[in-house]
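Consider the two complexes below, in which chain A is the common component and chain B and chain C are the respective partners.
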Partner chain A sequence: MSKKLLRRGGLLAATLAAGIFSGAQAADPIKIGSFLSVTGPASFLGDPELKTLRMYVDKINEEGGVLGRPLELVHYDDEGNASNARNYASRLVRADRVDIIVGGSTTGATMAAVPLIEQSRTPFISLAGAVVITDPVKPWVFKTPQSDRLAAERVMQDMQERGITKIGLISGTGGFGRSGREQTQQVAEAMGIQILEDVTYSPSDTDMTAQLTRIRNNQDIEAVFNFGFGQSPAIVTRNFAQLGIDRPFYQSHGVASNSFLDLAGSAAEGLRLPASPILVPDSLADDDPQKTIVQAYVDAYEARWNESVSTFGGYAYDGLMLAVAAIEEAGSTDREAVRQALENIQGHVGVTGIFNMSPNDHNGLAADSFRILEVVDGGWKLIE
Partner chain B sequence: MLKSLTQHRLSGLALLAIIILLVPAFLNNPFQYDMATLVLIYATTVVGLNLLVGYAGQISLGHAGFFGMGAYFSAVMTSRFDWSPVPTLILGAALVGLVAYIVGRPILRLKGYYLGMATLAMGFIIYITLNNEGWLTGGPDGMPVPGLSIFGWELSTFNTYSFLGMEISGSLAWYWLMGVMLILGVWIAQNLIDSPIGRALRSVHGSEVAASVVGVDTPKFKNLVFVVSAIYASLMGSLYAHFQGFITPESAGFMESIIFVTMVVLGGMGSTLGVIFGAALLTLLPQLLADFHDYEMMMFGLILMLTMIFMPKGLLPTTQAFIRKKLHKKAEDKA
Partner chain C sequence: MFSEFLQYLFTGITIGATYALIALGFTLIYNASHVINFAQGEFLMIGGMATVSLIGLGFPLPVAMVGAILLAALMGIALQRFAIAPAKQADPVTLIIITIGAAIFIRGIAQLVWGRGYHSMPNFSGDVPVRIGGAVVNTQTFWVVGIAAVLVAGLVFFFTKTMIGKAILATSMNKVAARLVGIKTDMVLMLAFLLSAVLGSIAGIIVAPITFTSYDIGIMLGLKGFVAAALGGLGSGMGAIVGGLTLGIVEAMTAGYISSDYKDAAAFGVIILVLFFMPRGLMGARVVERV
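Entry: the complex of A and B
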């Protein structure tokens, strides 16, 4: 047993050593490193992300690669565990010597890897949501999903348009819900919306009737906003319908996937949420700049993997395309040049939104990159 | 020669020192140093845990809680209050020792499953607290930790340092530092084991009733070793936090506690070198298996299962017994 292990270790050491001594030659592949939560509790993020990366790396290579060099995807599965993420990031920058990293499915995994990636001076495009990743700005760290702050802004903008000024907030106590709650509180204050009830639930709770009853009994509340992730928002939605709360209901972008509709069933009718246009490619106007790119991604993904597309895979698509655009702009894989190219990307049309990066904004998206969708007849409807 | 080597009290320590000195010859990039340093950190932690589990025969399913407390104490104090890392980690260890003393007094009266439950609950309380006090600990998303520095001199794995005229990289420096910590940890543990305290502990392991009949103050010794193992965990937790640069409450979580206990059981309860081997195996295995990502968990489980079935005493003690038997047979053949 241990002999086998030793042999395996020796083989690994040999491969690693070979990687180092091969040096950089003209037709060497461009190494794209990635660590994603493909298995474990966050697999609904990591799985479509990895599928997207694989699919497009293959596609780009078939079309002749980038700068005449093929792309090579080096991927590890962090299982949603932050210290694994950090160790794999170390492996990517130190052993595999990748040129750029596109990965980090969750905020925890991303932030665990950030100190090391910053020190190693490797460009890094994260696929996780929380605002802390790019605020304050870190020179080497970028991200493609809209921040939770933008989601809160977009939702409250929609509320204002409907004349709502007093809301009830319900949020999960997991990382996503907690960060979302803080951002919602700040945005609400800035936009003059009052949060009359502020209740929370634990991600493992199976019934939120108590919290929602408190909201229902407060007659001044005009709308309810839920910031949560995973299964819980579907439970909140069902409880909301069971209690017969007859007020507008908003969810966050954390549930923007078709599986949420399956879980929540008819209880979801009429609720609104901010989402990437990826869920409604057919409803986009023909002159919408994102229309062709979203449609192409959705068709390609569904044809290749035979499953419905999710917002999260779109983050990986944008991450990879931003990386490719930056390397082409820089004309080499020189890290500082790639970093600067990333920072200066303007008007890059992705499936999540249109990216306008700057030295002060390493996310590059505005609140209007979120579309407000409403659940109508068990499907998504774009609200203009 | 092999016989005399395995018999002397500190021969294990010498062997360990030689291994630690030789390992860098086989490492050829900073990532491998990174992993080797992690192995040393976990090894020192489980050397402490082994005192409790292997020698005193008491189970702790919440040891990552102490590890996490040390890590978070260092993280919070150095990043939010600008304390100097080294005094902070020592103070942190003292505080964690105190907590272990207060907690240990009542729960170490429990035995078997009940002790397992109580330590499990303690670990969960620490984990949940770290998760929920987001204003201080950053909540489930974790918090960054400044590097380990002394008098403004920072030990970073990305720098190089000159030491006695030699250029050494930060990764190597971290490796040496943790190597020294492991040797110190083993030395202290060995001395404790071979002292009257160690004999008292082993008598507790053998039979607590018999031990108390012959006059061993069993609660006192159990609590003492609980505190010592918590201090090991806290110190290593602090160093881990500085080394990693970022921590999340997962490092204090239930899975982490289970991994610590598995390192002890797999390597060989009551064998100091064995548990170090266990730590190395469990830290490196996920990296070695990374190429088979789809089967990683399956292979991991299989390896654990086979070891437990065929080597129930743990990897090292079983191998040692095997070699001893072979040597014995050879000697008999000659005679």
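Entry: the complex of A and C
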């Protein structure tokens, strides 16, 4: 009796084991983990990012998945809170055991999760901007948005082309503006541009006339550059116009969105900023390698979600596509192989730019991936 | 040099007049009930946001403004009826906590209805600024300062010349005695909330063209208004105005001459100094403890 039971039990165990094993070989999904700020103050980043990930994971699965395996998106909402981000990252690598992570809407959330993710040796593609994420290079951490340093470089290239050598800098004291200010100072020194006035405003300020007056009264200043985020740059733009400062005005990529145009209104007329080509899909030249990809993304997003596309969703698109490309290149989800494949991606055409990764550069974008746009008649115009 | 000073001064007066209006709202309710109404900033937000959305629906600016003020007035009454009145036996600290909860609630609703984005509102009279002695002044500044002045004059008249105004003052001085002489203290309290909601929403409407407006603008401006009220002396109408203008001008001067990094530090430094030497604020009532 007991022998029979034992035999039956053994048989059962063998069948179960075989079942699990064969199941794993047939359609074990590739798990893509993500933590994004879908609600809370940074929801304008996380919301389009999640929508983009969902949309393209579905699309890839309909087309047969990656390496014959479907993708599975495991997502958590960190609500813009860095400590939540850390907890969810821990859950992703420990409990969900995801193969790769695409997420981290803000620099704060990303940097909070980095130590944990590095320890678990999981490839991680961040969607946040600051240069600290990939400088110094961390073996397992990559990112898709251009760093603020590149934005500063691109703006100053444009200034040099216009023969501007002396500028006034105004920046926010939030994380984005502070980092941008430091990068601008370094780039300016390297490119031989003098910053004659360097003023700041807090993100909650409602009037920047006082700061701009200092800039206006310095007659040597040839152009003004504002590095900031949120609604403040729109207030700066309005105050700039009210004070009648008749000099070229630049904003950063932080306000490259249509809602900025709505807020700033006619005061934005004539200002320039570096931006992703996503804002001007129709103005791109026909031979532009990004044109078809940008247009396809913009059309697909707007058709599916019935809202206008944002630069931030584009970061998520690039993150997902880089992950897929790396897994295909590696031929498996072996983490070290995927990491190496990511590191060696060359000429990957994305929405944000053309990625050329290397062991020393885990962002892979050059300053010219930013396009300089000018506000003309309340819309964006691409400056060649 | 002088034009710079003028520029900073005008900037300070504009924002200071807003602070003063918010502070007046705090003062009104404090006078009637000894409650500091932390939902005051939310009235301001309702004023701005409702106006913007009514304009979006196609109403002309004046109609939108009146609609927004009515909505805020309703909210003021509702706040008093449904949140404060049921807890009337509670001491002021409890009531203050209730107003904080109400503020979070109103903000949450506003976020659902209007979303999280910022909205802009056109200037009342054109975008072309006026030049005074080398300084540039936004036309909206005149509206802010003018409307604030009219409201203040109106309030002074209301409290010193009308029966209802005197009834509010009487209630604040001694509730029991006020009731004994036939004042309906419940009505007085409701009236105070209504008035301060109207004040707050007007402040929110007139600054919206300068600051933009969003569901969370009430947090920051409300706090600054409270600080202005404390600086001037809680409960003093004149103090609210002096406190608001002082705060605004100190902020603007610091941002202009030193650095905006120290703007808040300077403003709060002034407050610490004032409260240290004059604990009741610049214009606060003398403390008379009766035994």
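The rule is short, and it goes like this: the second predicted complex is superposed on the first by the 358 of 384 C-alpha atoms of A that agree within 3 Å, B and C clash if a C-alpha of one lies under 4 Å from a C-alpha of the other, contacts with A are read in each partner's own complex, and residues count from 1 in each chain.
Simple rule for what comes next: contacts are C-beta pairs under 8 Å (C-beta built on N, C-alpha and C of every residue); 3 or more make two chains touch, one makes a residue touch a chain.
Remember, it's a predicted structure, so these values are computed and weren't measured experimentally.
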Should A:174 be classified as contacting the first partner (chain B), the second (chain C), both, or neither?
first
Check the residue A:91 against both partner chains and state whether it touches chain B (first), chain C (second), both, or neither.
first
Regarding the shared-chain residue A:217, is it in contact with chain B (first), chain C (second), both, or neither?
second
Partner, of chain C and chain B, that touches more residues belonging to chain A:
B
Touching A:81, do we find chain B (first), chain C (second), both, or neither?
first
Chain B versus chain C as contact partner of A:130, first or second or both or neither
first
Let me test your reading of the model: by the given contact rule, A:114 touches which partner, first (chain B), second (chain C), both or neither?
first
Touching A:206 in the superposition: chain B (first), chain C (second), both, neither?
second
Would you check which partner chain A:258 touches, where first means chain B only, second means chain C only, and both and neither mean what they say?
neither
Dual-contact residues of chain A, meaning touching chain B and chain C, are 173
In their shared complex, at which residues does chain B touch chain A?
26, 28-32, 34-35, 38, 131-132, 134, 139-142, 144-145, 156-158, 244-248, 250-251, 281, 284-288, 290-291, 293, 296-297, 303, 306-307, 315
Can you tell me which positions in chain A touch chain C when the two form their complex?
41, 43-44, 173, 199-202, 204-207, 209-211, 213-214, 217, 230-231, 234-235, 241-244, 259, 262-267
In the complex formed with chain B, which residues of chain A make contact?
1-2, 5, 8-9, 12-13, 16-17, 20, 38-39, 75-77, 81-84, 86-88, 90-91, 93-95, 107-108, 111-116, 119-120, 130, 132, 173-175, 178-179
Interface residues, chain C side, partner chain A - complex
3-4, 7-8, 10-11, 14-15, 116-120, 127, 129, 136, 138, 207, 210-212, 214, 220-221, 252, 255-256, 259-261, 263-264
